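The same subunit A turns up in both complexes below, where it pairs with subunit B and then with subunit C.
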Partner chain A sequence: MKEITYREACHDAVRSALMADERVFLIGEDVGSYGGCYAVSRGLLSEFGPQRVRDAPLSESAFVGAAIGAAMAGMRPIVELMTVNFSLLALDQIVNNAATLLHMSGGQINVPLVIRMATGAGRQLAAQHSHSWEGWYAHIPGLKIVTPSTVDDARWMLHAALADPDPVLIFEHVNLYNEKGALNESLTAVPLTGAAIRRPGNDLSIITYGACVNKALRAATELAEKISCEVIDLRSLRPLDEATILASVRKTSRALIVDEGWRSGGIGAEISARLMEQAFYDLDVPVARVCGAEVPIPYPKHLEDASIPQVTSIKKAAETLVGSHE
Partner chain B sequence: MTAAAQATEASGRKTALCLLRDMLLCRRFEEKCAEEYSTGRIRGFLHLYIGEEAVAVGAMRALAEGDAVFATYRDHAHALLQGVSAGAIMAEMFGKREGCSHGRGGSMHLFSREHNFFGGNAIVAGALPLAVGYALATKLKNRRDVTACFFGEGAIAEGEFHESLNLAALWQLPVLFICENNLYAMGTVLERSESQIDLCAKASSYRIKSTCVDGMDVMAVVDAATEAVQLIRETGAPFFIECQTYRFRAHSMFDPELYRDPEEVKQWKLRDPIPGFLSKAVTAGQLLTTDLELLEKEVAGIVQEAVAFAERGTLEPVEDLLRHVYSERAILQSVGGGK
Partner chain C sequence: MPMLGADMEKGTVVKWFITPGAHVNRGDVVADVETDKGVIAVEIWQSGDVEQILVEPGQEVAVGTVLAQIRSVEDKERPSVSEPKIIAESKPSEGEIPQRAHASPLAKRIAEELGVDLIKIKGTGPNGAITRADVEDAAKILKEIPQPTVITEAVAAPVTTGVPSSDQMRRAVAAAMVRSKRDIPHYYLQTDVNVQKLMSWLTEENRRIPVTERILAVAPIMKAIALGLRESPEFNGFYKDGAFQRHSDINLGMIISLRGGGLVAPGITAVDAATVPEIMGRLSDLIERGRRGKLRSSEITSPTVTISSLGEQGVDVVYGVIYPPQVALIGLGGIRERPWAEGGMVGAAHLMTITISADHRVSDGHLGSRLLNRISELLQNPEAL
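Right, the complex of A and B next:
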């Protein structure tokens, strides 16, 4: 075990991918000279040169589209988008091309593309740099959506994504970059999809992903004397690991979904619907959700905090859910 | 006559026969498509290239094996010329699994990896970034292939056009940009959508070499494209050709054509690239008037066989609906079923 930051894990993942495969190149705004806006690619330009660590102009649509074109020609590009908000400028390429080409071509043209982007609130960056749209991207057939929450996943999910023949979007929560974790040095791979049970428990299943995993784990620790919480880290929002979710809920009979994205039409709503469809008679109480408030993320700290799930709001929801039955 | 002169003459005749045959094939194939649309065997959107054939025929004459083509939703001619069989294209429009996109794409989404034909893109300007990226890959792989990218003048109003030209020039990528300027973006004439209608000026602003040619004159397009492709192969830098052309038919089968003066259409039809080329080539002694009849017969046979092939094709079973959303290799791996 080695203690490293999530940022270092992301950096090591990109660096080892560049070393392992000549077809891999990194492309994005400020990934080269600047070192990446969250400093993930610092040092890589001098190590790998400008052909493989390619600074792109502020043309999200064109450089994402170019990465798709290069992937169609057999390369393995890693695109870095500064934030999920900027990804909207490339939405045409992501949705109309990357997600669609394989199908439109009857299975001929696959797009082995990886896009990494920062997501989420917590740095007082206000309403154009703080949103959580991974659940929204998870709506789209043809894409795979993954959300590494641990240093192990940050270190190895990129490799699994690069080995996948289809487009994978990796969402890195901005508040995780400085978080330290124990890297399991014996690992050399992780699966791209499939949920992980980060803490086993019997009374309640907390189903979450990304930066909310740590919050849920803290809430579970603080509640441990009263409530035994099972914490599920979804890891992948598309495909969703229904088997793990259902097995857990069948055991605990209670489900709390924690999702930093907006409540209406979010991934939490999707999970809730699937529980209704497949675990209705296993539930003791209705499914509950702690989601992002339905407001563009505000700038002031106290309002930003109030707009996304926190340890206190998760604890409160867990207590209500368990208490409502007892 | 010297041997060299004889050889030149023979090669001139061969080229002329090819160009005429290719234009005829595109024309007759699409006339059949329109017919099949009215019988209901082709549905959805159907955008015909009739009138614009000299552009694709001329430009693609300059390409070589290994070069890739990206086109728009008006893509039948480009697919044919890149070597995709007429039968596979017709079957695609019939929605049959023998189609070049296995029936999933239809008229607007023709693909053939085998022929380096990458669509068939129905988002205006959506393929430009793809072509730039494809060319980037060829450069990174140290290949000398050219990526040809066709688009209409309507694409010039899109941000992706400007972003893509900038990237191609900035990174010196071997892309041949071919603007099929047929004057109307659906029903909006160029003057009503662009403050600058000199399209080459736009390419020049990105320091991309460019030329404007008469897109109704196939030889003019061949000459411009040949020079451009040669330059791209030598320098690795992009090139932009504007071909001024005109579509003789409506934008799609749903278009009542309220926006064009019938007199304007009539005037352009006088410049039809097929009889225009034929008469010039006959005058130059490269073709005989009897060649046309023979070529018409050959092309009619190809079109007839294409329809027969499409008719014989089969529909995908509904149980296969969810195929091709993810690569089947990956799906097999995820269930532990081998490679």
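Right, the complex of A and C next:
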């Protein structure tokens, strides 16, 4: 076990991918000379040169499109998009091209594209940079949406994504980059999809992903004396690991979904709907959600904190769900 | 599918109580039907034999859909492919619909497995919903107490054997109250009675008698009610077999809440002919025996009108549910000092709000208000009671 930051895990993942396969290249705004806006690619330009670590012009549509073309031509591009907000400029490329080409070419052309992007709030970057739209992308058939929350996943999900023949979007939460975690040095791979039970429990299933996993784990620790919470890290929002979610809820009979994204039409709504469809007779209380407030993410620290799930709001929701019986 | 309310368009059969081949009599409850407003027991209006059930439980169908076929008694001679008959022809629901217990899907499933009736469980989940743990607790308790096989409609029928369990009691009260609200079109009237003179008179009286014999306000009020009823016989008696039967004696039942939960409503016979101290003595005796479960069955069945007095609990107004087959219930609120305007002046006076819940099949508001006003008048002259 080695303590490293999430940023280092992302860096090591990109670096080892560049070393392992010469078809791999990194492209994005400021990924070269500047070292990446979250410093993930620092040092890679001098190590691998401008052919493989490419600074792109400020046109997400252009360089995502270029990466799609490269992927179709046999390369293994890693695109870095500065934030999820800017990814919308490339939405046409991502949705209309990357996600659909396999279908529209009758299975002839697959797009082995990997896009990494920063998501989420917590660093006072205001409404230009702080949203959580991975749930939107999870709506699109043809994409895989993954959300590494641990250093192990940050270190190895990229490799699984590059090995996947189809487009994979990796959402790295901005608040995780500085978080330290113990890297399991014996790991050499993780599965791309499939949920992980980060803490087993019997009274309540907390279903979450990304930076909210740590918050949920803290809430579970603080509640441990009265409520036994099971914390599920979804890891992948598309495909969703229904089997793990359903097995957990069938055991605990209570589900709390924690999602930094907006409540209306979000991934939490989708999970809730699937629980209704498949675990209705196992539910002892209505499914509950702790979600982001439905506002553009505010700049002031106290308002930003208030606009997204926190340990206190998760605890409160958990206590309400488990109720006063015991 | 009967129309169980003017705005009903569809309904779902929740449960059938009949099977093909069974004989049904007019008035039998044949199915529970769920509507937007709750679950309603559907009765049949024709006697006969069930031939075929056409709508399975869980199926939602439009009002007017044939639910089942029965062969009525007159049809017996004809071949069995007769025209389908709609059972449970539409009958507008009267009164309130029984309340539905909010229970989680899991709690419902487990309740069914364990044979627990959700109606009797108090939920501890969010917004009072019944959860798995509540059902499991209830199942444990059910195991410990012997369960009667038949739900009795009478409140605490032969109570000579002791206090019935609160569970049985609750069931009996529930059965009677559901029947009352289902069958009796209640109307309610209320009036504020100035009982200043009564209270002054009581203070004077009680000063002269030993503590053990002291009179509570309820005794002279019962006397006034009985005297009032003597002049309003439309409220004193029973509604049976589709008609009201007046009763010559005025027997007033008093609702007594039991410490273990539940209610009894034993009666004092011929209150109009008793003196106030006699009423007080009999009332104390009844309450004492009622709470110990030592009532006689005649005391349970005798009341012709019931009184619900919740004033001591701190409430101002009581809207009671008539105890069938009676046709009226009188509610006594708390006696409190309140502003009272008279002759252009506002002063303080002891007031009591008295209500009547009465059966609209038998009487009308006009008669009810006459009774309330007469009681009020009688109470202005306490020494004459």
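Keep this in mind: the second predicted complex is superposed on the first by the 323 of 326 C-alpha atoms of A that agree within 3 Å, B and C clash if a C-alpha of one lies under 4 Å from a C-alpha of the other, contacts with A are read in each partner's own complex, and residues count from 1 in each chain.
The rule is simple: a residue touches a chain if its C-beta (ideal position, glycine included) is under 8 Å from a C-beta of that chain, and two chains touch if they have at least 3 such contacts.
It should be emphasised that the depicted structure is a prediction, and the values quoted were computed from it without experimental measurement.
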item	value
Touched partner set for A:253, first subunit B, second subunit C, both or neither	second
Touched partner set for A:57, first subunit B, second subunit C, both or neither	first
First, second, both or neither for A:110, with subunit B first and subunit C second	first
Which superposed partner A:142 touches (first subunit B, second subunit C, both, neither)	first
Contacts of A:283 with subunit B and subunit C, given as first, second, both or neither	second
Which of subunit B and subunit C A:66 touches, first, second, both or neither	first
Touched partner set for A:120, first subunit B, second subunit C, both or neither	neither
Touched partner set for A:292, first subunit B, second subunit C, both or neither	neither
Residues of subunit A touching subunit C in the complex	253, 280-286, 320-321, 323-326
Residues on subunit B engaged by subunit A in the complex (per definition of touch)	68, 97, 99-105, 109, 111-113, 118-121, 123, 126, 128-138, 140-141, 159-160, 163-164, 166-167, 170, 323-330, 334
Interfacial residue positions of subunit C with respect to subunit A in the complex	104-109, 124-126, 129, 131-134
Subunit B-facing residues of subunit A, complex	25, 51, 56-57, 59, 61-75, 77, 92-93, 96-97, 101-110, 141-142, 144, 164-166, 193
